Amino acid sequence: MSVERDRLVELRREFHRHPEPGWREFWTTAKIVSEVERIGVDELHVGRDALADERLAVPDKDELEVWMDRAREAGADPDVLDELSGGWTGAVAVVHQGDGPTVGVRVDIDGLPREESTDERHEPAREGFRSETGAMHACGHDAHATIGLGVLESVKESDFSGTFKLFFQPAEEIIGGGKPMADSGHLDDVDYLFAIHIGLDYPTGEIIGGIDDFLAVTQFYTTFEGHPGHAGARPEEGRNAVQAMATAIGNLYGIERHSEGESRVNAGRVGGGTATNIIPEEAFIHGEVRGETTDIRDYTFRRAKQVFEGAAISHDCSADVTIEGEAPSAESDEELVESIHDAARAHPDVERATRRGSIGGSEDATFLMQRVQQHGGLATYACIGTDHPGGHHTSTFDVDEDSLTLGVDVLTEAIVEASKTRP
Amino acid sequence: MSVERDRLVELRREFHRHPEPGWREFWTTAKIVSEVERIGVDELHVGRDALADERLAVPDKDELEVWMDRAREAGADPDVLDELSGGWTGAVAVVHQGDGPTVGVRVDIDGLPREESTDERHEPAREGFRSETGAMHACGHDAHATIGLGVLESVKESDFSGTFKLFFQPAEEIIGGGKPMADSGHLDDVDYLFAIHIGLDYPTGEIIGGIDDFLAVTQFYTTFEGHPGHAGARPEEGRNAVQAMATAIGNLYGIERHSEGESRVNAGRVGGGTATNIIPEEAFIHGEVRGETTDIRDYTFRRAKQVFEGAAISHDCSADVTIEGEAPSAESDEELVESIHDAARAHPDVERATRRGSIGGSEDATFLMQRVQQHGGLATYACIGTDHPGGHHTSTFDVDEDSLTLGVDVLTEAIVEASKTRP
Amino acid sequence: MSVERDRLVELRREFHRHPEPGWREFWTTAKIVSEVERIGVDELHVGRDALADERLAVPDKDELEVWMDRAREAGADPDVLDELSGGWTGAVAVVHQGDGPTVGVRVDIDGLPREESTDERHEPAREGFRSETGAMHACGHDAHATIGLGVLESVKESDFSGTFKLFFQPAEEIIGGGKPMADSGHLDDVDYLFAIHIGLDYPTGEIIGGIDDFLAVTQFYTTFEGHPGHAGARPEEGRNAVQAMATAIGNLYGIERHSEGESRVNAGRVGGGTATNIIPEEAFIHGEVRGETTDIRDYTFRRAKQVFEGAAISHDCSADVTIEGEAPSAESDEELVESIHDAARAHPDVERATRRGSIGGSEDATFLMQRVQQHGGLATYACIGTDHPGGHHTSTFDVDEDSLTLGVDVLTEAIVEASKTRP
Amino acid sequence: MSVERDRLVELRREFHRHPEPGWREFWTTAKIVSEVERIGVDELHVGRDALADERLAVPDKDELEVWMDRAREAGADPDVLDELSGGWTGAVAVVHQGDGPTVGVRVDIDGLPREESTDERHEPAREGFRSETGAMHACGHDAHATIGLGVLESVKESDFSGTFKLFFQPAEEIIGGGKPMADSGHLDDVDYLFAIHIGLDYPTGEIIGGIDDFLAVTQFYTTFEGHPGHAGARPEEGRNAVQAMATAIGNLYGIERHSEGESRVNAGRVGGGTATNIIPEEAFIHGEVRGETTDIRDYTFRRAKQVFEGAAISHDCSADVTIEGEAPSAESDEELVESIHDAARAHPDVERATRRGSIGGSEDATFLMQRVQQHGGLATYACIGTDHPGGHHTSTFDVDEDSLTLGVDVLTEAIVEASKTRP
């Protein structure tokens, strides 16, 4: 039931050439829509129809406009672009094919705001499909979109019986798209959900049935506001926002560990002030907290807010905290882990079938998994190994295109087998 | 009109042998009362009669009891001790001797809570008048009390005409005695007030007419209260008072300087916690802030309180601030500076007569000076130089006993001359 | 094979009445020696003979003397006390009883430096066996010593075949005794080691085969040394040890978490400075770091040392770090966990037999366990549940004396069964 | 001897329309050269000829190029621009006019990198001479250059006898131009140096003979370099440059005050990190320290370097400190203060002639003053009051153009009188 390898490679390279950051996947969504329509589905929900009303981390209008223009110039279908206006990217495709359970697959489609390597040893540079947008598919979401489309085609040609839903989720990297897609209603009748990721330091030929250790995460943007003063002539008139920020950074990392599991804090990007001779009146911390459970994350964030408030008071400033994005923790269900595992073991090109794996990071697929599980369904987050020369999020990240076919095959097999069970 | 040098030396050594910290000058006050009565005065106000009702930095009952017992054992007059009960130490002696202005002298009488050196090169150790109480006269208040008594005797024998008041102020080192003595009413009719200090890095033979740069000071005791937790098993249950304290220390020293003058902060004594494996639930900072003006001191203390509150909030603790003692800044009046200067220049043993000097520290004599100045009188804070081998407050501090006579002579001369003016 | 319940209760209460902190268990060791001799053993190693030469966290001479005197007054055998001089407490008793493996039991015997409750609801207070020493058995080591003696008696009367070694380890609470006892040589031929603890929030009637999550721990004592200066007159002469300490506290808690497991840090007891008006020249942090593995603990401690050095340099001070005590992490071996589990299930009064448990804390029994495991033997750390009204280390901690018999029975049964296997 | 008011106003508005930041005063210098040549002088030293080889705070090539192009487009003389290539801006004009002392005047010519107000109440906006470059003359250096040229013309027409040197100093705002101009050799034979500033919160009609309280200043740029790590998956791999920066900020402000005079510290502009989920590998502090004396500034900077080093070590990072600019403290000489004072009192439009004033800030004119004083000459820093609606360095700063004539008149008078004395 396999899709042509060449077709998958070609698709993936097209996506790779046009990476777009979260909520700006205009060209990408239009391309997906065109491919989905080519394959043919029973329902196709695009943009606002694929998402709940409340979104997080949406860029401002000017930024959206820049990427919309770029997509238009790159030849995206203007009618589809109209539907995406305002950053309503992403899509849900649905196929009804006989009686049976509802099986979902979730792939994410956004790129990262970073330059891609021009090094000749970097295949996209050498082979001419390096990013043309300034952003980069440095985490393999080009491969995810491709595998999703490949699975759609394969499932349609298979003896799958039931309803198949394919979720093209936007804005994963900024933890923005998972929640509104989970809340869209499209997940509520899903019996089995397969979320997938490529790579994660597992080599080509290895398939992992389920990832377990997602850390719940909250990304925040905290601003401190004080009052300027001339550093030489009137220091006492200043209320120093940079001192407040520094106090907060120190105490943020010092939040007590939690005995029930891992926690993390990071002040990932900070800044403040304008000139050496002015007591700084503004400063910010763009950061995140994580927890092995959602409760531990919440404990840590509650403490972080006290840290911000206390730091502001210490320096006669005010602090304002905005949540930019968040995702809960999640666990993969045993039944679906086994179903991937069985499909992997049965495939001749799979060299290693592993049941459980670990990433120690966060993912907003957990919103979709949680939604399905809360409605009585099962979910797993499977990994398709791939040899990747550079690490995830680095400028030389690339995937081994052999893993595209492998991913489509194993996933399709697991889906078809799942459709034979009754939840 | 000189008092015998031998008598002064003997007296000073008796005081030196019995140092008592602030509000515990039981033996010292009783000794002063006995000497004053020997000399003979018209009025003698002791304890409660010498002080306003509100005192600062009074030790607890047990501590007072220990020193009361020690004074009793050392042979202090039990009737006087009764009057001092509760730590009401200090005295005011008054002589009426003809018409004329009211002239005051203020000396302080308390010791410091530190061990005295046993080094043979330290004269009190070698000559057998080293402290027997565990405390130490490491700032020359033994000499001050002695000079005060010497001046009293000399003034009585002189052609002084007017009212002479001698203030034996307790609890200077803990900034506790100045305010209640200033508020006692005894200062309100003083026309000219001479406060004195010995040493201050000026050598024997030098006399300074007035000190100008007193820093206003506030001493505080801040406690942080959190909640304990087992550092291994339940760190998240702890609310860490030591972290709050550390945050406060960092930010305390970081309070912005003031453009209108000097400021100081110090976390002089700090502590917290009980055991390595318990998240600390209690901590304290015993410290002070100073300012070149009372306003700058107040600015700094206002900021310090924000620092304490912010640090507590940062670590989910509470902070409580108690003011232990305080003193304003003050300036010496030109007329009295000149009067000391004239007396010094006229004395054959004075090698250097200096008008104005500097100490860069704080003193609660400023309360008495301020009171007199607010009532239209004049005040100065004069210094009697003395060679002192160890620095003030160190275990080898000592005075050159030659400066005792010099101090009595110059001060008496200035007082007698002042009595000839009409304010 | 049971020992009389009354005898155990009486013994436990005697120990309870005479708690002694680490390396000061003079009366306790003498009492143990006397009981062991009454029961009769083949070898008895006391003090220096039970320990390697290098000990940690030994109190100073004066402190040892105080407790030695107290032990003498309480009637301890002077000959035994002589052997313990210098704080060489603890003992190892050995019984040879036919062929078979060498089986060890480790109990700890020290108390905690805290007052015991006088509340009538606290049974030791009500029944008259409250501590008479000022210290307290607030962690059940009185029960451990008692169970150890009970097991010795039971094993001797049983059909145990092999060598039985009973380790009475001193100084567990200060992480001082585990290492020198582990290095004594007495552990090197042990095939099976059972370390035990009572309580740990498990109720009477529950027995846990093995505890797994010991955190490796290092206790440190860090001193900062600067230079004093008058806070008003010469602040720039000071090199502020309290600022260095505060900087270190902030950064200590801010050491990055480790992705491979839990870590902990605590500045449990801190202090510095002498007076509000002196820039503090000395300060200290008495604290600890822990890790889920010994490597994580070492990573954290390595970072802590950088924190101390950096803080000292920041304030022109010096820092000196002393390791006071340390213990590795450890895991209980499956075979012995099962052996306790089997014995527990077979006992009629055991209501709940649990295989694995958790404490989230540290224990220097891990030194002995590690030593045995490194020599090819097996070890477990079993827990005898007991209803305890107050939490461990609190003033109302107490044990349910019913658990004494239960502990002796289950442990003896496991030991006898173990002696029938061949390692 | 007055220059036409209209001519001065016209000139000042031309300068105002073309502000250029430090070392980028290409159009400005060319304009000055053209005006000086029109007036006629005996020597004119431009660019490299006006400066020593070593300069501080020079922008990079690209930045210089941008401003050079802008100057060319604005019609600056290409031949002069060639001489200024590489940012060698500024000029020294010399007139020999009979026997007599060498008298110098120093004015600075650079603008600030900030937008100018477009508010109609702001006269340059209303009258059409608002900045066209994006930078702004927000500190009156346009008026300084104008007054300099006016004085040159007036002195030539006067009975001045001696050598007159006019210093057009670049790059004052970035503390970059003072030192190389002071070291150029042109100052070494100056007998009397008048540096001037307009405004400083003194109103039109007030002239101040000399400013005294310049704080010595050092501007620094400190970078912290660590190592990145994924904040979720591998925090322990990170060496956190933002934590190092925060520790340094806290301790920087906490450097002990100095008893001999004022000090200042400021972390005026700070930043670090790239993304919320990456442990930050880089951070910086762009700041300054000041002191009432050069020694106090040096003490504070020495301590600041320890703070940076200690913070880096605390977080396993490295720190690198670059001095960007510095200026010593300075005092105005009594003789020249009097000379300005006399000229001011004699002028009919001067409403208030003040001898001494204060700014509480820093200035690199102090380098030139120090040079002259070290070679036996005298120097003062005089202030020409002007009503300025917005504060210095704000977007609505403006000068009252009446003060231009006043400045030229008083300065010329003082110069002419000075030329009659013999140093």
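Labels A, B, C and D are assigned to the chains in the order they are written; within every chain, residues are numbered from 1.
Here is the rule we use: contacts are C-beta pairs under 8 Å (C-beta built on N, C-alpha and C of every residue); 3 or more make two chains touch, one makes a residue touch a chain.
The chain list, named the UniProt way, goes like this: A, B, C, D = Amidohydrolase.
What you are looking at is a predicted structure, and each value in this text was computed from that prediction instead of being measured.
Common neighbours of chain A (Amidohydrolase) and chain C (Amidohydrolase) under the contact rule above are B, D. Placing every chain at the mean of its C-alpha atoms, the farthest one from chain D (Amidohydrolase) is found to be C. Chain pairs B-D and A-B differ in how many C-beta pairs are in contact, and the one with more is A-B. Centroids built from CA atoms put chain C (Amidohydrolase) at 51 Å from chain B (Amidohydrolase).
Chain A (Amidohydrolase) and chain B (Amidohydrolase) have CA centres that are 68 Å apart. Mean C-alpha positions place chain B (Amidohydrolase) and chain D (Amidohydrolase) at a centre distance of 48 Å. Those residues of chain C (Amidohydrolase) in touch with two or more other chains are numbered 233-235, 240, 243, 247, 250-251, 253-254, 256-257, 259, 264, 279, 360.
Taken together, the chain A (Amidohydrolase) residues at the contact with chain B (Amidohydrolase) in this complex read 229, 233-236, 238, 240, 243, 247-248, 250-251, 254, 256-260, 279, 299, 303, 306-307, 309-316.
Note for the complex: chain C (Amidohydrolase) touches chain B (Amidohydrolase) at residues 215, 217, 219, 230-235, 240, 242-243, 245-247, 249-250, 253, 264, 266-280, 283, 286-288, 290, 324, 359-362, 393.
Residues of chain A (Amidohydrolase) touching chain C (Amidohydrolase) in their complex: 250-257, 259, 262-264, 360.
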